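The following pair of complexes shares a single chain, subunit A, combined with subunit B in the former and subunit C in the latter.
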Partner chain A sequence: MKLHQRRLLNVSLLVLALLVIVFIQQLNQYTLNNNAFFTGWILLVAVLVLYLFTLRKKITGGKLFLKVSTWMQLHIYVGFFVIALFLFHAGWQMPEGILKQLLYFTFVAETLSGLFGLCITRMLPPCLARNGSVLYQDIKGKQQQIFDDVEQLVEQSLEIKSNTIAAFYQEHLLHFLLKPRDFWPHLFQYKKIIYKFEAEFINLQRYLNEEECEIINKIHVLVVEKNRLDYQYAGQSLLKRWLFLHIPLSYGLLLFAVLHLILVYAYIGGL
Partner chain B sequence: MTKVRRPKRWDKPFSKDMSDAIVTRVLSTKALSHLNAGNFSDSLPLSGIIANDTRIVYFKKGEVIVRKGEYGGSAFLTLSGDVAIIKNEVGLEIETKKPTGLFNFFKAAKSTRLLDFPLFTTHNKEEHLTLSPQFQHFIEQYPDNYITLEADSFYGEIAALARGTRTATVFSKTDTEILEIGWQGLRDLMRYDTQIREQVRALYKQHSLLVQLRNTKFLSHLKAEQLQQLNEQSLFENYGKFEWQRSFQKVKNDEDVNSTLKIEPIIAQQGDYVDGLLLISSGFARLSKTINHGEKTIGYLKQGDTFGFDELVHNWRTGEEIDYQHSLRAIGYVDIIRIPTSSIEKYAFAHIDEALLPTLINDHDNLDYDIDTGILEQLVEKRFINGSSTMVIDRHRCTGCDDCVSACASLHDGQARFNRNGAHIDKYAITHACMHCTDPVCLIGCPTGAIHRSGQLGNIIIDDNTCIGCSGCANSCPYENIIMREVFDDSGQALLDEQNGTPLLKASKCDLCIGHGSIPACEQACPHDALKRLDMGNIASFADWFNR
Partner chain C sequence: MRWNFFNKQQKWVCGRAEIGKSCRSGSDHQGDCHSEYECQPLQKEDRWYCASPTPCAQGALPDGGCSKKLGFCLPQLSQKAKISRINLWLFIAFISIFLFIIAAKAYSPGELSSNHSFLESECQSCHSSGGLKSINILLQALQPFQHNTENALCVDCHQFGEQAGLAHNLSHSHLQALTEKVTQQPLNSTLLMATLAQSGLDDQSEKNISCISCHHEHQGTQHDLTAINDKNCQSCHQQTFTEFKDHPEFSEYPYADKTQINFNHPEHIAKNFADEAAVQPENCNDCHQPDNKGELMLSKGFDQSCRACHLKQIQGDSQAGSKGIAVFSLMGMDIETLKAKGFVTGSWPEDADSELSVFMRLLLSNDPKAVKALNILEKMDTLDLRKASNIQLQAATDLIWSIKTLLATLQSQGHNALKQSLEKSLANSLSSTKFSALVSLLPPALFNEALKYWFPLLNQELKLYQQNDLIALKQLLNAPVIAEIKHIIPSAITETIEDDLLADDGLLGGDDLDSLMADDDDDLLSLDEEDSFDEPQESSVKLTTSAEEWVKSGGWYQSYDSLYYRPSVHEDPFLKGWLDLSASHADKNFQAIFKTISKPQAPGMCLKCHTLTDDKAIHWTAKRPDKNHQSFTRYAHDRHLAMAGIKNCATCHQFSQTSEKSQSFKSIEKQQCSSCHAEQKASESCTTCHNYHIGELKLKLKQTKLSVFQDKVAK
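Coming up: the complex of A and B.
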């Protein structure tokens, strides 16, 4: 199945599921059944389905389970379903009471983190690929190699009795080369940093002889590469780190949801 | 640290039953009696090869010795009894395949069942597969369906030499005693003995020719004597080097985009007179068209494909004499069967239903599959088309979560069997994971047969018990997909060579998670549908994934 066909199928199923919910809600109104209980229980079951994705990811080599990518699709579209169901359940308004509000805000934060994750997992990989992929675990090693190479070139420049390049290195490059830099500017595709370096390199060349120019050109290439690796580091870090928000929030959400359920049944005398 | 003796070839022989008496008896058989032990080296004595790289196997009447389609890396020599090759199994097989996929769920299973009885009885691992009584009766009724092989003749050499599948089913006509020669033994016998080398090569040509002609679709209507005529008039040619990885490894990282093209011998040149039909018997060939001063790759041909067919049909129908419209080059090592134009016209075209023939040539660049030329060029140039389970990652979907690596590691004692690094072709990465090649050159030099094809699936796997850590396969793999790893004992201590204290190594690579489900763990674990194991021999299938 082509990806667009799959998307169409999933969206159709989602719309169908929501229509069924709306229909049952209408029916409940006529039969005087409590819609809050109906949507609440469906919501809890759907949220539990979302947790199954994490469980599936922990199982390797199973013959009976669907591929993780299929579970991921289920996770995404059940997630959308849960958002709509939550709005139905909450009655499109801010709830009263501390626990309900905690639950509400945790859900909103969880939803936003999920949507953010979905967006970046779809948008960042093509950008990172176009920039020339590099494995995350290799980035720091490569940057260290660049740092060592630049230091070596600077030492080379000192051997030819010139400290112009060394001074430039101390003033402009050392801080930049020490570790991954400019996390946020890279994420927003902010190119001013590298343009600034470009301009400084051009300016410096005015004061260098041919031998020094050769050295500074090599340093320039390494700086551009360091900047590229910084971009990779920023993008790939974000792709990994957003889960540190999404997953803990999901556990908080589950905790508040269970508390909410207990309290609801306690208040109606069901416990 | 634990010091142990470094494992050596023949520590684990092919069979433990090859006593000196049996070795002497085997060497006195007609086919091997000419062998001169003096021609063999001290480190690889003739008696050692027979004792360690061969084994005696007994088959009862009706038992299958080799099954068509299975992978095998050994050749056979009948010591006593009669064996027979089933000539044309095509159409007799019962191949039932249920289409997969959500939308194919209700489709009926595809079946090519022509006989309403099973050809073979089910077997367990202990017993040989056996012809079913009905099939045995059917074959005996129609003796044209098999060829009896004389005693003391070799067979099974095609799969062993071409590193591919068995091309025909061979069964035992009587109770037989057979010498099975492992690939390593066959290789060394051929290396040290000219007569065996010539004999096996001649058989390889003769059998390949027969098999290829028999399995070619538009020749299937020919009668036995017509096929025999074609067989006699056809030429068997080979191009490229058997161990092609050496020349490829020298040029694969060249910046000159034509460097690999330069080491590919030309089989047929665009513009040449169409002197015959070329059938690819084994290997891969690049199909290209001249554009200005360069060559544009428009596809590749593999075993069973033909070259020049459209031109021949066009000339035969119109009376014109157009030349070859494309060039054909050997990628690696290629066996070709060349059927002269006059023979093909006389035997094949004169009796064929014209509806089966292709239309006249108009524009040959419009091939059926839809894949970007740049991608295709690079896949061919870097020879990734050799892979039957190539790990391809769509970098526009991969988030670098490493779930694939973790899944692999969790099934393989905490050590992943691949590296996500690899060549970038357009938005795809071809990673350093064993591709389970159609032509696995890593197998050629293995001294013990530790790296081998699994019988039915054809996956390339390494037997840790027989791997001696020589690094031969890792050095031979042109794609750098095999790595050497240190070996540890049960307590986690590294094993060292007792003589020089260096760490003992074993080759390690992807085994496609044999025994852990039909889809490898890496592909199963990818949450973003970014990773797929693709059969690059099936251009339509991978083009489909590329264009999803």
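Coming up: the complex of A and C.
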């Protein structure tokens, strides 16, 4: 099945499910039943389905439980379903009561983190791939290697009795090369950093002899590579770190939801 | 086991991984480094080889050691371990918040509405689980839902009667009767939805409805608990409509129910104000005003609207015949026939020709002999007993003595005897206030005076009758003096008093009386101090008016064989008391009283205007707002009358000469409302005009024990 066909199918199923919910809600209003109970239970079940994705990821090689990518699709579309259901259940207005407000905030934060994750997992990987893929765990090693290589080239420049490159390195490159830099500018595709270096290199070449030019050109190549690795580091870090927010929030959400459920039934007179 | 940097599941990674120089062996699972050398050479047969993926030039040492010494590193947490650790801390944070909420009982779902805000810390007032703690709350949550239990807590304060949980607080049979009145509506989308929604449900009509179905608390102080969604109404009212234009046509609205005061507006105006334009009200507001809430249009009441013309009617000024009600009256009796046939009746006023009053009948109902006699004489004319059988004659005699006994008892014991007699008839006790209204200050002097007129020697007669000394009784009555007394004792204030009847030198003087009054015959004819006639005073007062006229402003008076009460004011306590007492009483004597005093032309004319409720109580006032009672419809008169589109009351209330209703107004048509109450205009919600809870709505008041008295008792 092609991507657009799959998306069309998934969106259709999602809309259909929501229409069924709306219809049942409309029917419910004619029975004096409280719709909040209906939407609440559906919401809880849907949230538990979202949790199953985490569980599935922990099971390796389980063909019986569908592919992880299929679960990912399910997670995304059930997520959208849950957002709509939550709005049916809680409405747009901020609820009253500390617990309900905590639950509301946690859900909103969870939702926003999920939507953010969905955006970056769809947008960043193609950009990173175009920039040349590199394994996340290799990035720091490669950057260290670049640092060592640049230092070695600077030492070479000192051997030809000139400290111009060394001074330039000290002043402009050392800080840049020591560790991954410019996390946020890279995320926002801010290119001025590298353009600034480019300009510095061009300016410097006027003061260098041919041998030094050869060295500085090599350093220039390494700096560009470091910049590329920084971009990869920023993108890949974000792809991993958004889960630091999304997953713990989901635990809180489940806890508060269960407490909410117990209290509702306890104070309304039982199940 | 050594952990590998590339193994995603490992917790620790080599400390040199950050700089891309991780060793092959990595850290152990406790985060300790054991790799002093770059690799751990592998042995093949009898030789050692470098195990690095890029074998070094030096190769392995002959003893199997690595030739590249690195020194120990400081292992770092793997990426996964870092995530797990952060997750753990956040999870602990959430658990802490969770526990804090439970410990601090901070799980209120929101502020209570302002009406219930005083219950903010008293959860148990509304929730059966309100006083529970921790685990018990969980257990309560797992209990089967019992909305009756929760409803009971609501109706503990909000009292809707025994049918609190039923729709509209009406009984199932009442609801069924109402449902049958409703005509079938054509199928529409709303009806289809409602039918579909309830197709899977049992018949709910006899089941209790949970209060929380409509009233949602904890929505903030400003939340309106009574705001009801129209669809809640439509859950039962399946012949539904979403717009007011589809509302069923009104049926005799708002005149379907009887009014509390009979008043025919056009007839009254035509009859009374045709020639008296000066006193004619100019507009509706002269007699009507809205209540405090601006909903109900009230009458201003008798004093402001009716007194000027109708007080005299109440006092009987224009009354033909007697202007008072005969309370104590003696029936006419054919005494001659009774005497002729040997029945001893004692004295009986010769001028008595009335019927026994309904009040007397009630008082006699406690005397079995009198009851029996009255039954026998039910359809007889007691003024002519010539053709009566012996049984009937005996009954007449018995009735005479019962009446005398009753009157003598009332004379001697006064109000106590009257109250006991009434309570016995009622089979219930009477409060002092009620009894006071029923006797309305009956003057003892007038009562005694009447008795003296009717039965001058009542006590002597009764004494001899009770002793069965009929001979002495006959002698007493045959004494010519007594015969004279019967005719001469003045009748209270109605007759001209000219003679000193009881003077020694008068009719009671002389030997005849002396012989009768002598003490030698068991004091039969002696008069007790109580019984003795008052010493008549010499008087020559001549009344120029009758007793009836004398009490023109109301009160008691005697006329011949009857003692009357004439109504004095609007809300006359005597009439009000007896109407209240007799209206709903099933006993035939009470019914007879009610029939007598409730006639439109009866003195006081109370029921000419005041109507009866379905329970046979009397509407003593026009409709008044009752905060404890709610009807199905409501209408804000003040807001509507202030609107520019409505000219005046007659915009809606138009006289109808053909209507049979007492108000004679044309029914209000739906069209009059739907011109404004339409989409994009005025509200079309059900609850704009209808209340859900119908009938008695009360708030239970708290009982406060007077501890100061309890303390005294304790001391």
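Side notes on the structure shown:
Operating definition for what follows: the second predicted complex is superposed on the first by the 269 of 271 C-alpha atoms of A that agree within 3 Å, B and C clash if a C-alpha of one lies under 4 Å from a C-alpha of the other, contacts with A are read in each partner's own complex, and residues count from 1 in each chain.
One rule holds for everything that comes next: a contact is a pair of C-beta atoms (placed from the backbone, for glycine too) under 8 Å apart; a residue touches a chain by one contact, two chains touch by 3 or more.
Owing to the predicted nature of the structure, the values given are computational and were not obtained by experimental measurement.
After superposition onto subunit A, partners subunit B and subunit C are found to clash with each other. Judged by the touch definition given at the top, the superposed model places A:L102 against subunit C, while subunit B stays out of reach. In the superposed pair of complexes, A:T121 makes contact with subunit B only, with no contact to subunit C. With both structures placed on the common chain, the touch criterion links A:L3 to subunit B but leaves subunit C unconnected. Once the two complexes are overlaid on the shared chain, A:K240 sits against subunit B and subunit C alike. In the overlay built on the shared chain, the residue A:A129 is in contact with subunit B alone; subunit C does not reach it.
Judged by the number of subunit A residues each one touches, C leads among subunit B and subunit C. By the touch criterion stated above, A:K142 is placed in contact with subunit C alone, subunit B being left untouched.
Clashing C-alpha atoms between subunit B and subunit C appear in just one of the listed stretches 133-141, 277-285, 439-447 or 493-501, and that stretch is 493-501.
The contact surfaces that subunit B and subunit C form on subunit A in the two complexes overlap at residues 136, 138, 240. Residue ranges of subunit A in contact with subunit B, taken from their complex: 1-3, 57, 60-63, 67-69, 71-72, 121, 124-126, 128-129, 132-133, 135-136, 138, 236, 239-240. Contacts from subunit B toward subunit A in the complex involve residues 101-103, 395-403, 406-407, 410-411, 420-421, 424, 427, 429, 513, 516-519, 521, 523-530, 548. The touching residues of subunit A, when paired with subunit C in their complex, are 26-34, 95-100, 102, 136-138, 140-145, 240, 243-244, 247-249, 251-252, 255-256, 259, 261-271. Partner subunit A is touched in their complex by these residues of subunit C: 5-6, 17-22, 79, 83, 86-87, 90-91, 93-95, 97-98, 101-102, 106-111, 123, 127-130, 132, 137-138, 140-147, 149-150, 193-194, 196-198, 201, 204, 209-210, 212-214, 218-220, 229, 231-232, 234-235.
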